[in-house]
Amino acid sequence: MRLLYMGDVVGRSGRDVIAGRMAEIKNRLSPDFIVVNGENAAHGFGITPKICEDFFAMGVDVVTLGNHTWDQREIIPYLDGEARVLRPLNYPAGTPGHGTGIYAGPRGRKVMVVQVMGRLFMDPLDDPFAALEAVLAKARMGAGGVDAIIVDVHAEASSEKMALGHLSDGRASLVVGSHSHVPTADCQILAKGTAYQTDAGMCGDYDSVIGMKKDAAIFKFVRKIPGERLSPAEGPGTLCAVMVETDDRSGLALRAAPLRLGGRLAECWPDW
Amino acid sequence: MRLLYMGDVVGRSGRDVIAGRMAEIKNRLSPDFIVVNGENAAHGFGITPKICEDFFAMGVDVVTLGNHTWDQREIIPYLDGEARVLRPLNYPAGTPGHGTGIYAGPRGRKVMVVQVMGRLFMDPLDDPFAALEAVLAKARMGAGGVDAIIVDVHAEASSEKMALGHLSDGRASLVVGSHSHVPTADCQILAKGTAYQTDAGMCGDYDSVIGMKKDAAIFKFVRKIPGERLSPAEGPGTLCAVMVETDDRSGLALRAAPLRLGGRLAECWPDW
Amino acid sequence: MRLLYMGDVVGRSGRDVIAGRMAEIKNRLSPDFIVVNGENAAHGFGITPKICEDFFAMGVDVVTLGNHTWDQREIIPYLDGEARVLRPLNYPAGTPGHGTGIYAGPRGRKVMVVQVMGRLFMDPLDDPFAALEAVLAKARMGAGGVDAIIVDVHAEASSEKMALGHLSDGRASLVVGSHSHVPTADCQILAKGTAYQTDAGMCGDYDSVIGMKKDAAIFKFVRKIPGERLSPAEGPGTLCAVMVETDDRSGLALRAAPLRLGGRLAECWPDW
Amino acid sequence: MRLLYMGDVVGRSGRDVIAGRMAEIKNRLSPDFIVVNGENAAHGFGITPKICEDFFAMGVDVVTLGNHTWDQREIIPYLDGEARVLRPLNYPAGTPGHGTGIYAGPRGRKVMVVQVMGRLFMDPLDDPFAALEAVLAKARMGAGGVDAIIVDVHAEASSEKMALGHLSDGRASLVVGSHSHVPTADCQILAKGTAYQTDAGMCGDYDSVIGMKKDAAIFKFVRKIPGERLSPAEGPGTLCAVMVETDDRSGLALRAAPLRLGGRLAECWPDW
């Protein structure tokens, strides 16, 4: 299978570059399953049901979120009824929504997606290592199980992301980070066959501070008093994604590569 | 001028890949000025005078450090006497060593190097924005000033690194991040001419947790009790660097690109 | 002189217990100079000019603030013009308002008040140790200088508060903490004569979570999703304060004791 | 029953004041059950089996610990075999030792003790609210259950301690905080009958920075480079404790008061 994961969509610039390039991506890369991190899609803060529907209409299979899940209150009732939108798994028991699901892919294939959130320099949720371990211990890729597993690690610290990558190695198709809003250049297949990239990077305007307008963001660091509210930068967005091709029998990664297009960053397509 | 910045060197794997590939790099890229971040060169924790001397013998012009500056006590007296080794500028007044310097490059050129350390999710030093602003307000690139300015932003948060990048835009040749130990794929020339990459990435073994052996690092996250001391992974290292070509008159960037070679990450050379 | 410092006033319960007991306090303790920390006086978040004026009308000499200084936007222009309202000194240069002042006390006495904010587990401001040192190095208690110095240390960590206390020992009349909203029982005169208490405690309803209604506060800890906005508990408030009597010549402390009255905590008056 | 809880013992000063005053305390207050927090008893860092035995020999029933549990490696094997020494309950499954126990008191009484550790500004352990809720949901005070429940909340933030106090209200005899090393003056019986004090305070030398020598502690804050290792201050210690008298049938608190004696703080005995 060919799996595509697109990183945190920030505001209109991010949504537009996805909408504008999706046909070309499908045409050129033929993805079988598409995941988008949408936690900043609604003007930088959270997501609405309407934006989720737009993503599904474009061919997105699953939308993952993160610490910004709850920014738009209207999404909260929607989460329980829409299995294709995931918030981090390791929120406490009783939290609205789901942290993992198994989804129908093409030709009868089944794809599991799970999101966990890191705790280093973030709000202390339940242990993401234990939560992910529990999911991976039950799930099986290959005969009798699912055909692929995509793990979205929404975390601040590179160390925690890598540690969760190695925890999953040999048991997932792809472990990919989100939240830092910068793509990393460390795409690799780990020792036991899991594709890994520390962060997919955002889909948004890179003439910004992590997708937000520069002046207000710098003001916050420099002045330490309340200034203008942060809002997304509005220049052309760069779509940042990771592409993986899995082995049909094992679900492990055969090839993995970044995809970046549009906006200010150097364009980069998988050559397969 | 052609400037080369290599990211955090982690242990022997990192030192070896630099030593082993330096001749090829010089031959193929002809760098005029080389900076290395050495804060993890001594078995992952700090650096020794001997390792600094080895870097200088290889052709390195300046060694920058970071939060691990003080891990090896013998470096502390060395810092005051060796202007080519920099610790972050924004330590309090009276701290041993220097945070910036102006160095002789080839053909009479002068290169300023400065390192600042971020505060988000890190020890609260003096304000890096004010400290960098003070240096950049006095320094001038171009006629009568220096020929290039390299700013090493040693920080955890991508937002703080980007904000410091924009603060410097038009006034430095290169702003490059260190500390995350993962190269970012966002190399670009900012709106006013400064080359920028959020993190250069480490020079070390990428089959690891930020350069350290996997098992001990995962144990720390999972078990929350003291385990084996962290030590560098010992597989083949990847050299991660950023290359910039500056305009002779303005000092601003004409071209910028990542350099990665060796080890597990995809090899990548500037094509100029 | 007899100095009285009242801790963080939280909402109406805090304001009411001060207004209701001020006459009795004046009558019984004859304070010469009164400082109130007002950072939570306006419904738990910040303070308004009107509330400041109410405090002054009651006989308060100086209002200090803290990290909540900026919560009510209307206070910002007021700060520059009203020297009797202080925000933490160690905000960056150019921040509205003042961090220290010298005020007229009774019988020609002069009292300096200064507030610094800690950085441990808080927003990284400028170094509070360096900022306070600079003020204390210039100020002098005793002949030719001021008659008393009151230092409000607005900080989270008990270690940082104590360290700032010892830094000031022998050079201030009183170092008293704020921000934790719980009075500490460690009132003492330090080795060189400065009165010290780690936190004065809040003036507010102690059937609460640091002055705020219990249910919403517990929800935040337990559920990790947005709930009801925090608002002040509305039961009877306890007034928490520290009283110091200084030596007329040296400005140092002769006696120091807590004052607590009203609400749920055990009543406690200085017996002098 | 009469329950006595003594806060974090810091080094020799803390151990000595307990040893020196225990006979007087027993004589004057007749405690039925004694808990000591010993996480800093071994020269400020952790505890040894020998020190635990010394406490038991003095009449201590249970020793609780905290984030410093693991500082002395020799305690780790001891924890599994000694039910009277508790580390925080909310360490991950598989952690050596126990977080709660039920102990024999005098006259056939049973006392449950439990320790949880907060997460705000601390290492992210499992959820202390869920962990404590699970214990309290199973335990019952009164007929058929235990006679008293003591909850030690080892935490940094006053808000988290108070929230855990209210969570336990009506279901425990005493919720008392540790870790800040400063006694709070907010001892009260909460609305549903549980005695509460935000922090018991340390047993140690209060001419210090949270029990450690002043100069090295201030150096750490001011200089930001490694200095002398922290070690306990060696002046006379103050014993800081909380005393509770419970109702024989309900286990709830009838009376609660601080006990402080020795060293620099004002002496204070329960008057019952």
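Letters A, B, C and D name the chains as they come in the text, with residue numbers starting at 1 for each one.
Quick note on the criterion: a residue touches a chain if its C-beta (ideal position, glycine included) is under 8 Å from a C-beta of that chain, and two chains touch if they have at least 3 such contacts.
Quantities reported herein were computed from a predicted structural model and do not represent experimental measurements.
Q: Any chance you could check whether B-C or A-C wins on number of contacting C-beta pairs?
A: If we tally the C-beta pairs in contact for B-C and A-C, the bigger total goes to A-C.
Q: Using mean CA coordinates as chain centres, what's the gap between chain C and chain D in Å?
A: Distance between chain centres: 29 Å.
Q: Averaging over Cα atoms per chain, report the distance between chain A and chain C in Å.
A: Between these chains, centre-to-centre, one finds 46 Å.
Q: Residues of chain A touching 2+ other chains?
A: Only 92, 125, 127, 130, 222 qualify.
Q: Drawing the touching chains as a network, do you get a line, a ring, a star, a complete graph or other?
A: complete
Q: Which of the residues in chain A come into contact with chain D in the complex?
A: The contact residues of chain A facing chain D are 92-93, 119-120, 124-127, 130.
Q: Using the touch definition from the top, list the residues of chain A that touch chain C in their complex.
A: 69-70, 73, 76, 91-92, 94-96, 123, 125, 222-226
Q: Please name which positions on chain D make contact with chain C in the complex.
A: 121, 127, 129-130, 156-160, 162-163, 166-167, 180-188, 190-191, 198-199, 201, 206-210, 214, 217-218, 221-222, 240, 258, 260, 264-266, 268
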